[in-house]
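Some structures to go through are shown next.
One chain, subunit A, links the two complexes that follow: it is found with subunit B in the first and with subunit C in the second.
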Partner chain A sequence: MADAEESEGIQRNDSINHTPGKIIKKQEIARAKNEGKELSKEEKQRLRKEKKQQKKNKKEDKGPSEKEKEKKPSASAASPAVTQSSAQKAPSVPAPVTTPVSESPVVSDKPSKSKAELKAERRARQEAERSSRHGKKEQGQQGASSKAKPPQNELQPVVKRLPEHVQVDDPAAVKKLAKKLERQQIPLRLDYGHKVSLFSHLHQYSRKAPLTQQISIPATVIHPSVVRLGLQYSQGIITGSNARAVALLHAFKQVIQDYSTPPNEELSRDLVNRLKPYISFLNQCRPLSASMGNAIKYIKKEISNISSQCKEEEAKKELLTCIDKYIREKITLAAQAISKYAIEKISDGDVILVYGCSSLVNHILCEAFDKQRKFRVIVVDSRPRLEGREALRRLVKRGIRCTYVLISALSYILPEVSKVFLGAHALLANGYVMSRVGTSQIALVAKAYNVPVLVCCETYKFCERVQTDSFVSNELDDPDDLIVTRNGKTHLEHWKTMETPTGGLLGLLNLVYDVTPPDFVDLVITDLGMIPCTSVPVVLRLKNVDQ
Partner chain B sequence: MPGADKETDLSERIEAFLAELKRGGSRSGTLRGSAETARETTALLRRITAQARWSSAGDLMDLIRREGKRMTAAQPSETTVGNMVRRVLKIIREEYARSGGSNEETDQQDSLHKLLTSGGSNDDNFKRHFPHLKANVIEAINELLTELEGTTDNISMQALEHIHSNEVIMTIGRSRTVEAFLKDAARKRKFHVIVAECAPFCQGHEMATSLSQAGIETTVIADAAIFAVMSRVNKVIIGTQTILANGGLRAVNGTHTLALAAKHHSTPLIVCAPMFKLSPQFPNEEDTFHKFVSPHEVLPFTEGEILSKVNVHCPVFDYVPPELITLFISNIGGNAPSYIYRLMSELYHPEDHEL
Partner chain C sequence: MELQAVLMAAGGGSRMMDLTYNTPKPLLPVGNKPLIWYPLNLLERVGFEEVFVITTKEVQKALTDLKVKLDVKMKLDVVIIPEDADMGTAEALRHYQQKFKTDILVVSCDLITDVALHEVVDLFRAHNATLAMLMSKVHEFTETVPGQKGKKKAGEQRDFVGVDGTGKRLLFMANEADLEEGLVMRKSIMQKHPRMHIKTGLLDAHLYCLKKSVVDFLVDNKSITSIRGELVPYLVRKQFSKSANSQVNTEDNDQNQKKKDANANLEILSSSKDDDLLQLARERSCWNDHRGDMNEAYHGGKLRCYVHIMEEGMCYRVNTLAAYIEANRMAPKLFEEPPVHPSADVSERSLVGGDSIIGASCRISDKTSIKRSTIGASTVVKEKVKITNSIIMNGVTIEEGCNIQGSVICSNAVIGRGADIKYCLVGNGQRIEPEAERTNEVIVGTDQLMEI
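Presenting the complex of A and B:
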């Protein structure tokens, strides 16, 4: 009976709005009780769908799809009727929901459905998913929910969304980011100076204008330890992928400790939403590294796996132990395992070349020295970061004999070298090694002199991206770093003023990363063992299977 | 007495030149271009020819050889000095032979034959006195000077044959020849130049500002990014300090890395160098090939305690083998590296290779 009434009402769009309207109002009232600072996931989804719907409606008005419009309301009328009725019933009887829900995605592919119908379908789907999570009639519901989802889950999702920080030349993407940041109340960092045309798709920030200058005091949206972390990243106080990841995890531990679940919210969902603006903020301070990205994925997964029956204190304690375990396993113990393998490769009388300051390589060399291996080290450094000096200090303090040169003297020093040890920022799925700029050069010249190149990298830095050159996805550092004063003269002082109407004439390029092709690398030492560069996708696959 | 005055004046000039060579050789002072050094050397040699006392060609050659040895000893890395001395010696031989009436051609071609047959007959020949030898030699040296003055222009004139529009050209450090080459091409074509700054002296900065003031779109990169950006480069054009006898280069440090990166990407490597940089040395003397300057450039004294515990090297030059070079552009045109040995035999006499 209720069905018949509703099916009649559905003919007119107005009546459709009543019954789902009541439910929506209840939810909105509930939400209005909370601080409406952040929109819940459902509301965001709804807004997005509404916008999409509006756009599609506009297009369809112009297109010749009126026949379809006539057919759809009748077809869709039937399904929402059933879905609404089922939504009103207790969620313990989802069996009748299964068939209409499976119909609805087919119908929803066609454009120009009314908003209410979409909302109803979505709510029904969410109810179905929630009930499946509560463990009632799991198999049947999983079948239903998997049917309801778009049919892509057989293979891994092929196309991921392109990260914003490589789309600076696309005004639509920039606008989208600006809106997102506005919603999250994070200030937008502005680009600085003239960018070299090959890199106009990347951001270029100045270190003299940190993001924190644009935040009002007191900042209520961003946790203070995250603000401090962002400042440390953007000023270059914390550098190196391991250091950044560990600092991030410690900051998030602090966030979790200070977190308290607002009423009527679940910790698993609200905490993830709370972390999102922090991550945007850190991304604005300095683009996230691969190690940080993997750590964040892990934290989000752990948080969403917290069951809603857990009390807040227990949940927080569990999360903190998870984070500690991650740091211990993936970074500290991994470093020890890698040193164990690497020390087998260091023999007495070796002359080892290292580049820049890699915490892992330094660790390996110190361990080898403690194990009474006799070797000497050549530290190669490059402008403008001059990170090698830090490595030099650490090694000399241990008592290791060191030589220090700049990268332009590489051809001079390489005939003396017996092995090259390099650190990595990330290992890409096609076997390329992404590391500090200059690493590929060292590997190239070492190959020309037939010196073996060994890359040391923990498995948590393995990343599913593929890249073939150093242009598409890179980071541009402050261009003013290249300026140097020699003999009282600073030639590049006025580089910004050399401009013509057609664009800047003089550009300074300060790249941060580059990719080394796998044929230059002889061995990769990871905590799983010593593998060739081409086995990286195998390791990634094993990791996915584990998870 | 006028003779004595001339002599003291001459020796003063020679001493002054030697002192300047010793001082100006270090890269931290105002750098003298090789062209300047070559011109000054040639002018000084002309003065020696004009003012010193000598009776026969053999005397003159001994005199010049002696002064030349002193000059090269003052700054061994400045090879243009030695090259000019050898050119002048060759000029003297030629003028002598011409005054003596014999054909130059046969002299050159038969040198091997003469070695095997007539033995030491060459030595006596240079003792004959010719009245006009002095004038002839001075005239020939003047011709050499005009040639030196025109080298940069000759090289720049060939620029448009090698650079097309919208090209990306890479260079390293600062070379006046390459600067003139690129500026000449920029008058007619639009292209983009990437300059590697070449630490620790960072002469690339000067080059970049000068090029951008001429209207060329320039980018400065750090040395570490050479391989990273090489995939987008169409040509690599560099200058050099010396061209060695086997076709290799002694160029500023970092050039070998640049050449290897260009080879990996199959990018042509073009060397713009005038002929007075061609030196009959081979790169096998390890201790004389490299030149080092103060390690303060690399690791400054402000680093404190670790300074005493580390070895720091700051080499100035790099050796680039001839297999990595595609083309030499010089004032006499373009040549492949495999042809360099032939050019050398045209410029210098084999007996002058060892001063």
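Presenting the complex of A and C:
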């Protein structure tokens, strides 16, 4: 009877589920058999649901989690590929997967499958998963749980695609980008000048060749405020990740205000598609920052969450209030919270070192000064941007006593310093701090002098990227900025045609960002509190769970 | 929509009356195309799809007839201003104020240029400017102008233009005619921009990007009649005025009151656009347009005027005879049509130089020599004629044996046999008797002579 049931179960499995389900069902039936019950279809479904609940409670179980991950998405991916009817069962299929898997050592001695069949199963599973990766999104509940374990995904045999902006020396990627831009009717911005070979995989644009040369005046394909924003980015009128994010959201507000849904479309889908070419355009003007990327993700989510019952006016008003709320919470209030924490760390008689012009650090210092703390500031600056001059102006205007040095004088001035406050462009998932080029140097030298380094960063700049060096993903600014005229002589005027002694061409490198390892950072002050650098992944995970 | 193009084609061509007494200025042929074609072509090339043309009734009629020949794909919205009203450019804008829904780009019909228009518009967009204009280095005219006796008076009506260190921000603009004793400069300008470059050799191209709030301001201030003469200097001055800061009523003078209201209007109109978010973005951005003082970007001013100065490239304003001749010489470079029109009948035994242009349906007979000249449409040139350095308009008949040098022959004129014309201007429909010898004269009909 047991054999009959087994074979019956197998046959039923073949008809209902795909091969991956075979082992699962077999084990379940075996267990049920062990329990001495004869299961009907409904009872099996109920069993599956219960197991799913158990599995949810056992989320922290990391032991067999890898195997769970592997089987879960594959199973979930496989099931929609099979039939629609099994879609309902699909959510429940993974549930029994997990628990039987944990018991797999128990039933491993079962001579259920031959090796060849197992191999075939695995191959089919991989193919199904690769082909129906998009189907994963429909498995809403799996999505939540799978997102909670992002690192595990990387262990899958699927290759993660590199973003195109770090593949400029690969002609296939460039061609793909050109095709995508052509489809969106955005002009392609051409690279300028010879690049240093180590960074030839990044874009290098010239400020004298703006993207607006190639679009029509008046801008019809792209909304005028987006064109204006792109110009302001590429000319450097709006710099600094907070300013860029706020300006971006402002432009999107204009876009939403001027938007009207075409007759047969839904606002939630069409508006997102409308924003895509604008984002490509802004990317061409200047590569997007992490803060902008997170803001865009938020907006896209908000737009897709608009229900189709909503009238257009209401939907637009709701979106506008969402944007205002985002800015208020993530930028303005966050800045206030951060300065509240940071002021605790500033004591009277402090000598604080800042680098470049970080809007957040300037805000903190001004607030501390208003709260009658006695300190003085040393502003460190570096070429070619010389942003420290602007920071110096703002601090001196407030009345703070400041000293100004170039970064080459850093080790000279550091013995005087009691604390270092740094701003960040983004905080990466492995705890590295991505900031203006030169920051890692400051952190390094400060560490050597045993001066505490505090990084101030809002949580909306936390990014899920992982980077350990400044080469792989960076931004190259206009190389002509490095050319300087002294005493009427410009030596590098014809750098594009200069040749090196070895016969190559001269390349000018103007890096924008660099990454600082977490060992050099003593504290990160965020709006959630003061955390060590290594707690960034925790914050990211909390953010994902919230969403 | 971002920008609306407005083409001002109602001007009379007061500085070249000899040419324009019969043909309105926008329809004067330059390189065998009507003058109005050039700015329209410029707008079309950059991507405009509609142009709002303000002109006179005569020109409007001609345009509707000529429309096909204009070869312009854009939609032209031609409106007229009453001729007897003698409206200035700003008044015309005020008259049609309700047609303007966005910022406007005002172009004059006599502008021939190959400027990259995005340079001007980018200044307008990037800095959120109130005014952005185009200027170019003045080219000296080398050709002898017919009818001119003696050298041109130098230093007439120069423009003094003051720009800052970057060469983009417009700080000061005055015409020599308005300055009595000398150049008077406000101290506030010097305080904010200690380094100013003052240039006098610049030609104003009459191409302006204006914000919508300026048009609204014009509606309230009826005293401004001309864009170039009054509005632009006013805006440039207003950048540094103190009225925004102090609203104290010193006198109860009506004039003063009106002026203050006007000033307030402009400030209010232009500041309503500046959102809180924009303000926040600007605060957080670490960029400043100047260095060395404690002020924020743009010195906190809301009104900004920018200028793009063309160093190279072609930029002509055809408002004098000399400019007209020069433009005729240079204009063919702007389009790629063949110099000899395919429908022209040019005999093989004639000598047509490579730099000459022959219009449609011309008939050039044997043994003629045409060098560096422009021949208009439907012109008949008989045998043994020598034409050098001249401009012949449409419908002219030149009999045998003529010798025309450095002259301008207007439409429908007839040059008699064997005439020798040097550096003359022959007006519309005039007849030159055979064997005439004219040098350096302006031959126009008696009805067109100026009344004193």
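Quick notes on this one:
As a working rule, the second predicted complex is superposed on the first by the 380 of 547 C-alpha atoms of A that agree within 3 Å, B and C clash if a C-alpha of one lies under 4 Å from a C-alpha of the other, contacts with A are read in each partner's own complex, and residues count from 1 in each chain.
The rule is short, and it goes like this: contacts are C-beta pairs under 8 Å (C-beta built on N, C-alpha and C of every residue); 3 or more make two chains touch, one makes a residue touch a chain.
As the structure is a prediction and not an experimental result, all values here were calculated from the model.
When the two complexes are overlaid on their common chain A, residue A:L508 makes contact with subunit B while staying clear of subunit C. After overlaying the two complexes on the shared chain, residue contacts for A:Q232 are found with subunit C alone; subunit B is out of touch. Ranking subunit B and subunit C by residues of subunit A touched puts B first. In the overlay built on the shared chain, the residue A:F471 is in contact with subunit B alone; subunit C does not reach it.
Using the contact criterion defined above for the overlaid structures, shared-chain residue A:R393 touches subunit B and also reaches subunit C. Judged by the touch definition given at the top, the superposed model places A:S216 against subunit C, while subunit B stays out of reach. Looking at the shared chain after the overlay, A:L406 reaches subunit B, while subunit C stays out of its contact range. Shared contact residues of subunit A, touching subunit B in one structure and subunit C in the other: 389, 393, 396. Within the complex formed with subunit A, the subunit C residues making contact are 1-4, 46-49, 116-118, 121-122, 125-128, 275, 277-278, 280-288, 291, 294. By the touch rule above, subunit A contacts subunit C in their complex via residues 210, 212-213, 215-220, 224, 227-228, 231-232, 235-240, 242-244, 246-247, 249-250, 253, 327, 331-332, 356-357, 359, 387, 389-391, 393, 396-397. Residues of subunit A touching subunit B in their complex: 196-198, 382-384, 389, 392-393, 396, 402-413, 436-438, 440-441, 444-445, 448, 469-471, 482, 484, 486-487, 491-492, 495, 498, 500, 503, 505-511, 514-515.
Subunit B contributes residues 28, 192, 194, 197-202, 205-206, 208-209, 212-213, 215-229, 231-232, 253-254, 256-257, 260-261, 264, 290, 298-299, 303, 306, 309-315, 318-319 to its touches with subunit A in the complex.
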